């Protein structure tokens, strides 16, 4: 078969290796999720089931791609950070981002029922688009995550007041939008507190801070059956260290989180 | 909230716009599908259910991304060709390939049961990786598709003889491999014919040629209830043209296919 | 010496291979040439010496880089077109454009005196910046050259009227600018003709059309001293074909030029 | 004029902005300098005039492009380092490297006579090719410069012994090459010392270490004529700080150089 005659087309592929010694961030965003959330009757302003499914899918990505050192998600987006020195897929941007997008999307469908049960079936396959961004320094990377968490805060405060005005205040969505035009964070907090007796600070950290996934080492004790030198068999307790993905809903803008988890980032001057 | 302070990180994103006036090909490949096919007991050498699911997922991608003019798949891979003049996602390579990878993967899980029924549940979410390649001329694009179809032929002939030797000839996989070492296409055809009375040419085109998906216009006649000028209502037959994704299992290496479907490719000198 | 310890830094270099089967255009533009032309007392609106030096330098580039099939220049810019199938420098964009920029710049200084003589010494080393653009089809490439020649025409007509108004009409530069605001090509032709009796169409093609450099084959007859079979020596006339860079100042927007020089461009469907 | 009709070709230009917060290194290498040095009778193993011209041309580049914080050269190559936060040419790689290549090349021809006098005229315009490499950390950048300086050392030691064997030892170039095959640095030092009484360590730092150009601030006292409050005029001595390019021939592999010039590099965690 004239295979070789066509094989020249391989040379049209171009190299997209990510610059060495930079953090590689892959961010996914839900496509047409406004429509998707309506058709699947997501509760407003936040649907806890949907946020759980996002985190579950992100965990599935981290378990497949071990060089991801931290992931951060909120609303219908999730960011995955590959360590500076990662050589996964020879650092080819296209492979990294499509693999993340693919694993996340198939997981989202696969685990749907675990979070939405039988009440709300998945009506059609959803999709996410992705991008790759490189960050050369620890400062840049922390600022990226801070940017996303600040975005989470701004959006969640807005959505919380908006839907409270609609659901409990009886306003139409147009009226609620009008009411909030030009208000600052302090104004929104005040509306919640004085009109609805809601203390925004007491809201769930999951909603205010989003979800941060990191690897954590745990000592596990398992029982193993072992053969002793005298040929006797006995059950022995064995302690071993295992890495697990752990979810946090804490502040990542300040330095405390990074001081408590010094092993996430590598040294800048390497 | 100090949102603006972090926003500078957006500028680290780089532009990956695809060169204008080139066909954009996104190819997906199954990841670790050797293991996946074993764990899900795919029949050898080909699992018709799995090929059907691949095509169904590819159709789902085409219906979401209308600028795809042709798609070609075989085994655990599928290639999608965006028309030269496409401006989807402003031709940004990352968006195009992640969207394709995501839509395909979520569809693969979503439609699994339609093809595998209750007998073979999906055990874990599979993944596909992708890449983007640009082709400047019609010749290059046809040669790309010919390359993939020639690859399909070579692999399918090999796999057909290999698994026939194992399943019907009683050889071990090691023996079958040894037997086929150094054989040419003619030798393999001869083994099939003289030892197992199989005429390879009579095998299913789906297996020999893979699957080509294109858009086809069909005239559909639908019945509509319309109000006449005299306020009377009557049922009227209305003919309208609809685009549908149609599957072919024919040769795309020769010119015939392209002559019969002249609207797929745009003129070179544009 | 600890050479190997540092050699890892080579891996930070990224690949910038130009897409195959596309024309590679390198365009150079003079840097701060407004100031440069004033300090070197270029005649206005055009300095024939300077245009000659630009062409001489461009020829020097073409003679060094034989895969350049056509070059086009006007004012302080020059574009060089590498053939589609060129493999110079493995099609690495950085190598191609820096080599062109370097050869052009050193030639500009080297040949300065040939064009400006002793009257106008070169006061400091000038510089040019460059860029690479790819064109997938013959239509695109011709349109690129047409774009530059249309730009030449528009600028030259404007400059011709502007400097005629200043030099012969006695206007200040501010008055001339004011006078030309909002005028169309026809208006400018009219000013030249009715006020200064200048027929713009009769102006030099060098100025109206710019300079197009292409390779041309010429038969040359040279005399060689050869030894005959009988050991006698005799002078023999030998005809050989030689490629030479030839300058044209003709229209490249219409099809005539391309029909007369069919060997410049390669076939689209290759 | 149908200018707009062609203007679409501008969109084929692609963005090549360098990743933020990385050092941008542009390295130039002489093209076909083996031939060039022979035709211009460069002295072996080093031609002091040629090295002076290289440095003079590099200084010309630094004075034009002020964001270059350090440059390092040896033999027929020179590297220029733009500061991390540079926004010259909007960090467009093509503009940066072609401008450097162009300025360097025109300077090389322009200053030739200053270094080679009337004895050795420049026979033809030489050229240099260039490339861009990004380095995310101070460690990476120092290692890049160390790599070049280690290369300088290795080559210069080899060339020194090689040409001593030829020029003073009477060996042919083939014999000298044979003699040096497989020798280590210590062996080469020993040959120089025991056979020719040359102490390599006492050789000129210019040759052993290459040339490092950095900016240095100097206080200059100039005399200015100033008007006093009582309208009297008087000459006044004014001290002002000026930046000048300064050449060094010292070690840049160890930390001492960097500790003495802390203002060259920016902080990593920025």
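Worth pointing out:
When the chains are written out, they are named A, B, C and D in that same order, and each has its own residue count from 1.
The rule is simple: a contact is a pair of C-beta atoms (placed from the backbone, for glycine too) under 8 Å apart; a residue touches a chain by one contact, two chains touch by 3 or more.
This one's a predicted model, so the numbers in the text were calculated from it and none came from an experiment.
In terms of the stated touch criterion, the partners common to subunit A and subunit B are C, D, listed by label. In terms of C-beta pairs in contact, C-D outnumbers the other of B-C and C-D.
Spacing of subunit B relative to subunit D, judged by their CA centroids, is 53 angstrom. Taking the mean of the C-alpha atoms as each chain's centre, subunit B and subunit C sit 47 Å apart.
Put simply, the C-alpha centre of subunit C and that of subunit D have 30 angstrom between them. Residue positions 12, 14, 19-21, 134-135, 140 of subunit B each touch two or more of the other chains. If the chains shown are joined wherever they touch, the resulting network links each chain directly to all the rest. Listing the residues of subunit A that touch subunit C in their complex gives 11-12, 14-15, 17, 19-21. Considering their complex, residues 1-3, 5-10, 12-14, 16, 28, 31, 60, 64, 89, 93-95, 97-99, 101-111, 122, 124-135, 140, 143-144, 146-147, 150-151, 153-154, 185, 253 of subunit C touch subunit D.
Contact residues of subunit C toward subunit B in the complex are 19-22, 134-140, 268-270.
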